[in-house]
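Starting off with a structure, shown below.
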Amino acid sequence: MITRINKLAIELPMPKEPDPNGAAAVQELLGGRFGEMSTLNNYMFQSFSFRGKKKLKPFYDLVASITAEEFGHVELVTNTINLMIQGTTFQGDPNIAPMQNAKDLRNSQHYIVTAQTALVADSMGKPWNGDNVFNSGNLILDLLHNFFLECGARTHKMRVYEMTNNPVAREMIGYLLVRGGVHITAYAKALEIATGVDMTKMLPIPNLDNNVFDTTRKYEAMGIHRKLYTWNFEGEYKDISKIWKGVSPIDGQPLEVIEGTPEGGPIPELDELPEEFAPGISREDFEEILKRLQRSAGL
Amino acid sequence: MITRINKLAIELPMPKEPDPNGAAAVQELLGGRFGEMSTLNNYMFQSFSFRGKKKLKPFYDLVASITAEEFGHVELVTNTINLMIQGTTFQGDPNIAPMQNAKDLRNSQHYIVTAQTALVADSMGKPWNGDNVFNSGNLILDLLHNFFLECGARTHKMRVYEMTNNPVAREMIGYLLVRGGVHITAYAKALEIATGVDMTKMLPIPNLDNNVFDTTRKYEAMGIHRKLYTWNFEGEYKDISKIWKGVSPIDGQPLEVIEGTPEGGPIPELDELPEEFAPGISREDFEEILKRLQRSAGL
Amino acid sequence: MITRINKLAIELPMPKEPDPNGAAAVQELLGGRFGEMSTLNNYMFQSFSFRGKKKLKPFYDLVASITAEEFGHVELVTNTINLMIQGTTFQGDPNIAPMQNAKDLRNSQHYIVTAQTALVADSMGKPWNGDNVFNSGNLILDLLHNFFLECGARTHKMRVYEMTNNPVAREMIGYLLVRGGVHITAYAKALEIATGVDMTKMLPIPNLDNNVFDTTRKYEAMGIHRKLYTWNFEGEYKDISKIWKGVSPIDGQPLEVIEGTPEGGPIPELDELPEEFAPGISREDFEEILKRLQRSAGL
Amino acid sequence: MITRINKLAIELPMPKEPDPNGAAAVQELLGGRFGEMSTLNNYMFQSFSFRGKKKLKPFYDLVASITAEEFGHVELVTNTINLMIQGTTFQGDPNIAPMQNAKDLRNSQHYIVTAQTALVADSMGKPWNGDNVFNSGNLILDLLHNFFLECGARTHKMRVYEMTNNPVAREMIGYLLVRGGVHITAYAKALEIATGVDMTKMLPIPNLDNNVFDTTRKYEAMGIHRKLYTWNFEGEYKDISKIWKGVSPIDGQPLEVIEGTPEGGPIPELDELPEEFAPGISREDFEEILKRLQRSAGL
Amino acid sequence: MITRINKLAIELPMPKEPDPNGAAAVQELLGGRFGEMSTLNNYMFQSFSFRGKKKLKPFYDLVASITAEEFGHVELVTNTINLMIQGTTFQGDPNIAPMQNAKDLRNSQHYIVTAQTALVADSMGKPWNGDNVFNSGNLILDLLHNFFLECGARTHKMRVYEMTNNPVAREMIGYLLVRGGVHITAYAKALEIATGVDMTKMLPIPNLDNNVFDTTRKYEAMGIHRKLYTWNFEGEYKDISKIWKGVSPIDGQPLEVIEGTPEGGPIPELDELPEEFAPGISREDFEEILKRLQRSAGL
Amino acid sequence: MITRINKLAIELPMPKEPDPNGAAAVQELLGGRFGEMSTLNNYMFQSFSFRGKKKLKPFYDLVASITAEEFGHVELVTNTINLMIQGTTFQGDPNIAPMQNAKDLRNSQHYIVTAQTALVADSMGKPWNGDNVFNSGNLILDLLHNFFLECGARTHKMRVYEMTNNPVAREMIGYLLVRGGVHITAYAKALEIATGVDMTKMLPIPNLDNNVFDTTRKYEAMGIHRKLYTWNFEGEYKDISKIWKGVSPIDGQPLEVIEGTPEGGPIPELDELPEEFAPGISREDFEEILKRLQRSAGL
């Protein structure tokens, strides 16, 4: 089970202008084979079906706790896409075609299927699907997969970063490069413990330091590249400390396990979009709703 | 963001004999169009991209908090499938074909692709995909969808219940019929507040009371059909109480909003399956792992 | 079985200029999850497999007869797309690249896979598929689905309307908003008869009257928002009159059941497109064909 | 547009015992790449988007009119599947697992997703999709495709015939082999007129006469292998007579064009299936429905 | 089995400027239903599973040997796409968005998923899949399919030719129109031998001679439209000469069977793309690699 | 380009009895995400689009040459499936249902869609698709992927081995475990050269020696676990010797690079299957074909 926290992993900047085709590209980081839906669901199902949870507790704790972080990453990328689309269309009489700007954009379903928010699909509009989950049950093979998955995800993030200078996308990618780097290192360490092979020696993949990216430096300065969270406040998943120890490969400073979650930032408020009929509650409707909400419990 | 709780929604019974084709059927409740992956992801993305979170807070709180419960339902159905498969094969020299029983079963990927655990797919092996998420951004249309989705999910659960008398499957379905019933009623009430139309009058769909099912009565006796949880311990999502009020359509007792989560039960331990090489850690490997885990932090 | 009528539901205007990206967007209304292929096939299969056709004849008649109308809607949207593409390319020697304009457009398969005509796919090029058909066999659940499906389809039509001011697209959408509105009301009435719940009170979804759209007013003035057709000339499907009765929620005028079909308009003639080799019959070929057609029956 | 006729292409026999795995195989003839959904939609979209309808009228009339026949074939195969499943499960308290027989069958979605009726999918459960439609716009290529498609469909029908001796399946296949044979010959003749090449010389494909199949002989004795219907009563599509002329390759008797449709048989009534909650209307519900139906028009 | 030859079918020109949307269109010729992946895999699987290889040796030899040629066509189209993309982006600090030009292009996965090279997908980004393989085992039906497939492939090539005047695309298409023409004729001849029907009389489909295309004339002048290769140097597959004989329908010159393969041209070298991290080996890395390569065999 | 060799990688035993459900399981090894279609196409496209072929020649040579071997593996698994199905049905009048045994089997398309031969699909009937190809262009990431892919493929082979004792399946798997082991080691060595990390230390994955499997020992005794082939007779791809050197991790004997290919075994002849109409050439047809084949070149 989970509890839900009404915060976003970080505070996102408000965009000054729309970047709808940038948003279409960022979809790859959400619903592509190496997107956050893949990391979330891979670790979620691996942890649900882990064989030997007690005997191999540090490994179980690792996969189980990172699952929780990935939920927040799906949320973060989704919010980024939502903000990037913002401002593409205008409000007005349907007969003046207030969404005319959308016709030539790369992702028409952002305008027809959702109300200018993220789809569960990749940058070409193909839906994410369950075949993206790898869960062999063999510990080493699953760890190897996760290490590979995170490196692939890092590659895609770095490439999307280079495709747009949109500040929302870059803030998100800057942060996720740091957190993804933590996960890559964590799986590398887990593999070393499981097999004796020092995978950290092949890092980073691709061979470019995180600090090259303008928006990662702030997060590294905060030390969050050294922190692995348990995502639990009741003392669970703490055996990740048996894996997450030693010093950071980036700055040689000690790695830390944090019980709980990062502090997070505010979840962006999304305004009404009358041209999308979203949420589609007129002033009169709203007054009626208020009345009904105020009625006694006699429903 | 979320925190993760290391508990299952309820305690599942341990099965006495394998029911692999039953497990294949239960996959529909996990990865089918009306499976728990669909409820989880529909509410997750609807809540991420909700327009007017503040103005329409009771509705946002409803969708956001139920998302959290659905994570636990995906976890519960996954564990059910895992337990139902258990015992299908035997341990032995690969050359005696210890998985020969699996060849004629309905879901061969339970044996080849995973180590006898759930797939992110439906009862015919088709992967769940992102097109199963409906997120129009129009409040009433989304609520109507959710009401319909829950009724469809209830129908599928009732049908799978009739296909197997496996005690694990039935315990899970018994519980989820109760919780699904809560969600149906909650969306019905939300629709009534939003539109004035009393949807509860058309319930239950299908027209058969939950208490007909042997394994639901226990949960109704515990009153859990009257409880909606906030899935948060910091005071968030409490405006669901503006929707979840009045009395239960089942027993006329008062509905309650519970801050936090249900207590839950233990997560089943899954034993090693040598014939699946899962987790595939030999005694010698394990001793090496222990040594590496005990090493100082000098990785 | 069916008979085929060589007419289109309405007469479409001839476009003055091409709107290929508009056509790409309109594909959502044909082959998207809420497109006309979905309404056609949902009702077609529900009616084929209806349990209790005699006992529940008014409901069967409703679903069966609307199926027939939806065939005409698929035909109408297809013709709309065909006309919108018209004029994108020019005729000429292949070596001057007479289809060069197509390279940067949103749907390249309009030019490569078909000869500038509609695909059985959505606005992102994803093929329509059979999972879009919902057919539970439970009367109330199927009616609820159909009500929801039509509301979703209405939403998508309204959004596409706002993306292009192309006169062909708008004429088609204007008409289909009226006919879709009839179907929404019909399913709402069927649900009320089946359950007692007055679904019409939540209409319209989205909350914007049809008459806001310039191209719907003509059709409302003709009263076609009050007419439900049997799509049969032999007295079948007439029990829809047990559901389709009372007055229109739009103008309070009496609802009518019309035996048979609307009058319809001419099917657009599509000219040869030499640059597409469509139909690809040269003058010489054609003369040979004429000769062969005129030959005696001795084939 | 179309009108709908409330008859099935032929009268199907009532089965004496269930043949659910036979029904699973017959799905290939409905929703497979060479199933009736493919013939229906190929000709439907080819006729909608035909270039040069007037100049090449005999060819347009051919494709347009056969479309109508294919609707009836989809209906016929669907009804066959429905009848073949009948009797698989029994009625009873959900707790005795009245659908237990379904667990080991090949198509679990016949029991979970529909109420023991056909799916829009092939024999492995994969949904039919729009990529199965070929519509190049080049007349000769499209005719060649249709000729090939019909030969492929014939092959699949002959193979499914050999997999089950179920009388419903065989009646349907016997009839469709005859009608498919008509379509193969018609497209062969169209190709000959268009190109001068006598395709009929390569028939039958596969090389086995229809009269080998027990259930085809009756239909050949009725002469229906010589008849091509216009599927229209207003004089449309009659130019098929310019193609469908001469004598039958089977018996040398004259080919005929019939204005209108075959007479057809009764549509099977499908009983209630309480264990599927289909249609799920209790006696009390039904009485309420009757009352509501009888109410005055004041809805 | 195969041997691999380190040559491309022909020498491709180096492009002067990027044509990324042209490359997106050319994807249809690689991974579309009628792309080279389809011809390769159709013939590959048909030849693997051919029934009666000895008795029907000329036909087996035909399908088996053309398989080998199709491998080279997949390679050729892939290289064409790679060259067409070249130059779209520039090298530079990630923070200046060196791939900004890619954001508005039609195929974003060319930049995110690969390093500006071809995808196994069609022009809309949909992955090629195994349903594109037709392999009925019936000789005549399979030959008919192959004849149809090649004609469809020819149509698509001619249409893409008209969409771009890119010299690389045109060189490739010019060559493949010639080779495809050879395959069409070969399957036509095989069908004539198998059935007595002269399919060559309906050629070309579409009805436009190859020599209309500027880039085909060179290859016809070289006579390669008269050559069918065995793609083997050990005397295998030579019975294609029983089918490939007589004179060319294009110039009346004698057809020839060539033992072995065409001479081929150089495989294009693809430069490093630092902005894609491809191959991502820094100068320092490379020196380390050289050292490791030079180490003794004592790995 | 390639040449084709008319031999199978090894000689397969002839089966004594059919194992159709075993064949259905083996499909995973052909068309599953980790099947041979995946290894073939991953290396094929990686080699086609390799950046820096000259500078990084040993790595290019490795991927390019293994591609060729994988073609033979696809061929081998396909032939295995074909042989395993053999004998499932019997010859006879279609009216006695000579394929009745097929109705209850796991893969009905083996009987309907092909003539009892392999499909391009996995063990659940899902078609292989192009998303299974990973080709990032980053050398280290691609090598890491290939190492992971081969380990996953090994796992699936070991599991299928345990599901059937069919001698054809086991011979094939026995051989491919050895060859797959070679590829795993080769990619491990390539990764070590590229990164300095000794991946061989984590082998084997899963942790079970190949020699446990009865049918691998013969091949290890032949030393084929030490051989890497260039799959070329013209001196190409020989730089694999810079990677494939040292001693075998299995027996400490020296690794060898073999120029060319293994010797191979005979390709199984597949008999006619009249009940499948495959190849469907009657005695009379065959005599006609012979006459046409013998005709002079005057076609």
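To keep things simple, chains are lettered A, B, C, D, E and F as they appear, and every chain counts its residues starting from 1.
The definition used in the following text is that a residue touches a chain if its C-beta (ideal position, glycine included) is under 8 Å from a C-beta of that chain, and two chains touch if they have at least 3 such contacts.
Because the structure is a prediction, the values reported are computed rather than measured.
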item	value
Given chain D and chain E, the chains that contact each of them	C, F
Interface sides of chain A and chain E: same vs different residues, half threshold	different
Whole-Å separation of chain centres (CA-atom averages), chain A against chain F	38
Length of the line joining the C-alpha centres of chain C and chain D, rounded to whole Å	22
Chain E, residues touching no fewer than two other chains	33, 106, 113, 124-127, 131, 136, 138, 140-141, 155, 194, 196, 205-207, 276-277, 280-281, 285
Contacting chain pairs - touch in the sense defined above	A-B, A-C, A-E, A-F, B-C, B-D, B-F, C-D, C-E, D-E, D-F, E-F
Residues of chain F touching chain E in the complex	1-9, 31, 37, 41, 44-45, 48-56, 58, 64-65, 67-68, 71-72, 74-75, 78-79, 82, 113-121, 127-131, 133, 135-141, 189, 192-194, 196, 200, 231-234, 236-237, 242-243, 245-247, 254, 260-262, 264, 267, 269-273, 276-281, 285-286, 288-289, 292-293, 297-299
Of chain A, residues touching chain E in the complex	21-22, 24-25, 28, 32-33, 106, 122-126, 155-156, 158-165, 205-208, 212-214
Parts of chain C lying in touch with chain E, wherever the complex brings them together	89, 93-100, 102-104, 106-109, 111-113, 124-127, 275-277, 280-282, 285
Residues on chain C engaged by chain B in the complex (per definition of touch)	33, 131, 134, 136, 138, 140-141, 144-145, 147-148, 151-152, 155, 191, 194-199, 201-202, 205-207
